[in-house]
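Paired with subunit B in one complex and with subunit C in the other, subunit A is shared by the two complexes that follow.
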Partner chain A sequence: MNRIFILTPLIVLLIICIFSLVYLLSGKDPNKPPSALLNKDVPIFESSSLYNAMDIIKTKDIENKKILINFFASWCSPCKIEHPLFFEIRKKYPELYLLGFNHKDPPSDAKKYLEDDGNPYDFVGVDSDGLIALEFGVFGLPETYLINEDGKIIYKFMGPITKDILKNEIEPLL
Partner chain B sequence: MKLSHFFKIVNITIISFTIFTFKVCAVESIDERVKNLTLELRCMTCQNQSIYDSDAEFSNDIKKIVKQKFEEGESDRDIKKFLVERYGEYILFRPLINYNNIFLWSFPFILLVFSLFFVIIKTKRNKA
Partner chain C sequence: MSSLVGFLSLVFAIGINFYLLLSRYIFKFQKQKFNLFIRLSSLLTLLSFFSLMYAYVVSDFSNYNVFQNSHSNKPLIYKISGTWGNHEGSMLLWLSILSIFSFFFSFTKNIDESFQRLTLIIQSLLHILFGLFIVFTSNPFLVNSILVNEGLGLNPILQDPGLAVHPPILYGGYVGYSIVFSIAIAGLFQNTDDEWLYVAKKWSLISWTFLTGGIALGSYWAYYELGWGGWWFWDPVENISLMPWIAGIALVHSLMMVRGEQAIKKWIVFLSILCFSLSVFGTFLVRSGILTSVHSFAADASRGIFILLIFFIVTGFGFLVFLLKEPKKSNALNLLFINKVSALVINNILMIIATLTILLGTIYPIIIEVLYNKRISVGGPYFNSTVIPIMIPGFLLMSVAPILSWQTNKINNSKKYVLAFIILSVLVLIQSYFLDFNTWGFVGLLLGFWIILASIIAIFSSYIIKFNIKFFKIINPHVAHIGVGIAIIGITCSSVFQNELDFNLNEGDKFNVNGKTVLFEKIETTNEINFQSLRGKFLFDIEKNQSKEIEAGKNYYPVSKMITSEAGILHQWNKDIYFILGDQKNNEWFVKVLINPFVSFIWLGVIIMVYSGLMAVSRR
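What follows is the complex of A and B.
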């Protein structure tokens, strides 16, 4: 019986240590929680084009397509870092539909940003009040989502994508 | 005790109870409801701050949405569900009581039962 008294707390401690170690080694960043929308249907949205308010894009319009959605803004410095990579994606995967959502940005600033740095997107939707971002669970720019042909969100990345992330995480899904 | 004293005590008790009930049942203002709910929500872009305490843009957006939803007549539960569907349970300081979190919520009680079991056995052995 004495053995049980000594061993039980040690076993409990060991289990807690194993759990902690597994979590630490998993490389998960607790500040970047997985998206609640992963493997779920793309949220319903409707947005007008940055260049023509009459040109509207809706969830229905992106059905049966593989789409890369990127939330960006001219005031977002990390967005500038990842911006050139979208041209690479555009060149390498011409069949992939690139949808950019301009988040809480004055249209003139957004247009100037895309004029200076180039526009890699097939469509630039306006998200002036941030409601589309809210539907996607965006909480910081930039954020990138990959949607498959079934309309499911299969990948989400918070922060600027890098060449490594593109090669190791996004490209295998394309 | 005199009968009059007894009635005084009963009166005071009834009045206190009425005031307490009124306070509990009184309809909170929308701002108070927003405050109470956003204190339970985590600012996703800050370090250990509630949405109520944070001035980050994300927090201000969520405060606006919460207020708007309260004005539309939605309950705390509906709003939490709406936010969890989009941001995950991470946005809640207090994890939900559901199947996924059953171990998290039951572990302290399991630990308590085990501890009591060991204490009882140890005490019995010491007495013997």
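What follows is the complex of A and C.
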């Protein structure tokens, strides 16, 4: 009885260490929380185009195709870093629909940003009050989501995507 | 150059400790010679630390660490504190403090020579483990591969005088437990007499006092720098410092009370190992970046695995020795319904439960994420509703514990206490009735006042009042408890009775806070050396001639592109009025005013606790 009592700390130690080790080895990144939306349906949204307020995009409009959704803003400097990669995606996967959401940005700034750096998106939706980002559970800009033909979110990335991430994580899903 | 000196002395210090570790089996040293080597290794480690500090002071950007974390425009004090404001430097500080403790321990007189040597050898082992960790994964002396004239700046949130001294003091507590750990393990190995208990008492008091000061400084910093109006957020890093602190309370009390009882000796060994394990575990959680918080630096998996390994070795080794070598059989436990020993046992059990509760809440997110791949966060509501109720019986007990008898259930003057308790309850109840009644407020105030009152009664009825040092040493336990009582009152009032007011204001507007008129004078922006500041100027109580000026605003640090908020606090003895300047919208500024009653009591209570910790250390 007494021995079991003394053994407990060792057992607890072992459990804590195993869990921590698994956590560390699984390459989990505190900056990359698992999304509650993963493998779930795309949230319902409705947004007007940056260039034409009458041009509206809805969840229904993106059915039956693969879509890459990217949340960006002109004030977000990491967005600027990942921006050129979307042109590469555009070139390599012409079939893929690129949907950009302009997050909490004055339209004039957003337009200027896309003029200066180029516009890789098929559609730029306005999310001026951040409600769409809220629906998607966006933590911080930029964030990128991949949606399959069934309208399920199959991938999510927080922060600027890089060449490595594009090659190792996104392309296998395309 | 300084980087080279620093690196070499770090490596030599590790080498010496290897040598000492082997010396136990291969070379037979004289005591003098052995101690000399320990001191040499300590001095080398310090030399290494000061070389890094020198590189920071002279802004030597050929050192990669300095380049990453410093900037030549920074004021001198923050250049110095920049030494430990980053992962690598803070680990070197960790090791340096370990060395300092070994250094001073090597001077301890009147203890068994082989016991002292064994303790220092265990310290050497720790030195080697952490030294290798620094050299292989967190070397602060890497040379910058490019030539640069300017550094990348320090995390601006860390540019604060409170925070500059917070880590060294906190580490004094964390690392101080290493020597308690080594003493306990050495005591188990030698298993000769109880001498080690008296040595351990002094060092555990020192560590606990440092830890108390460090935690308080950290929370004071959070109070005025984070600008959320609170001083404790159950942030993982705060929890990590709280665990060894609570376990340390149990340890200190056990060490004070032990009279050779086998069971309590076991407890002491267990707690000594636990305190240091929790310190190392805390280091692991923060340094591996496994938990995100305001304190974490860049995450790196290899570092995490290395520290996890150290944690596993140190804790596993400690508890294994504990399992195999029990303290020698001796006196049995003299448990009565309520005497000193039973109060101590209850205290120990409560403290352990509280520690484990915090531990569970802190690591729960890790376990859940591994098992279910979901991220959850455990915060204030969990801790408030579990830890506080667990601690309450302990607080009730502490008011009378120092005057309990060893042998009997009798409490001297028990009638006085009962009477005092009843009167106090009625008074607090009346007070709560006239303010808004709040259960937690009632319980907290009653507990706080009761601890103070009972301690005062105990002092006056048990001792003859004299004003000399000896008297203050005798009443020291009561003084410490009065400090806790005062802190409890402060904690209760500032959290339960906090009042929040929100305003949307233009410059020149007048508004009402707590019956006083406040003028929102103007917004001012200025350029400081390394940041731009935006300040809202407020004049408090303008109807009086001596109105007080309060500044609240934000700082923008262009080098690191960060904004920090700077709360404006008007300190009064019975309340803090806490101004936060928010964003500007439609030409109106959002201003939040918090009225935190009796916050100063928390800091006062902590100062008393630290004072009595120091008194207890000096007590022979």
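Just so it is clear, the second predicted complex is superposed on the first by the 165 of 174 C-alpha atoms of A that agree within 3 Å, B and C clash if a C-alpha of one lies under 4 Å from a C-alpha of the other, contacts with A are read in each partner's own complex, and residues count from 1 in each chain.
The working rule: contacts are C-beta pairs under 8 Å (C-beta built on N, C-alpha and C of every residue); 3 or more make two chains touch, one makes a residue touch a chain.
This structure is a prediction, so every number in the text was calculated from the model and none was measured.
Judged by the touch definition given at the top, the superposed model places A:D116 against neither subunit B nor subunit C. In the superposition on chain A, A:L24 makes contact with subunit C only, while subunit B stays out of contact range. When the two complexes are overlaid on their common chain A, residue A:E95 makes contact with neither subunit B nor subunit C. Touched residues of subunit A, counted separately for subunit B and subunit C, are more numerous for C. Applying the stated contact rule after C-alpha superposition, one finds that A:F136 touches subunit B and leaves subunit C untouched.
Of the two partner chains placed by the overlay, neither subunit B nor subunit C lies in contact with A:D164. According to the touch criterion, the shared surface of subunit A, contacted by subunit B in one complex and subunit C in the other, consists of residues 33-34, 36. Against subunit C, in their complex, subunit A makes its touches with residues 3, 6-7, 9-10, 13, 16-17, 19-31, 33-34, 36, 77. In the complex of the two chains, the subunit C residues touching subunit A come out as 270, 273-274, 277, 281, 284, 288-292, 296, 299, 301, 304-305, 308, 311-312, 315-316, 319-320, 322-323, 363, 366-367, 369-370, 373-375, 561. Those residues of subunit A lying in contact with subunit B across their complex are 1, 5, 8, 33-37, 43, 104, 130, 134-137, 139-140.
Here subunit B touches subunit A in the complex through residues 44-45, 57-58, 61, 65, 84-90, 114, 118, 121-122, 125, going by the rule given at the top.
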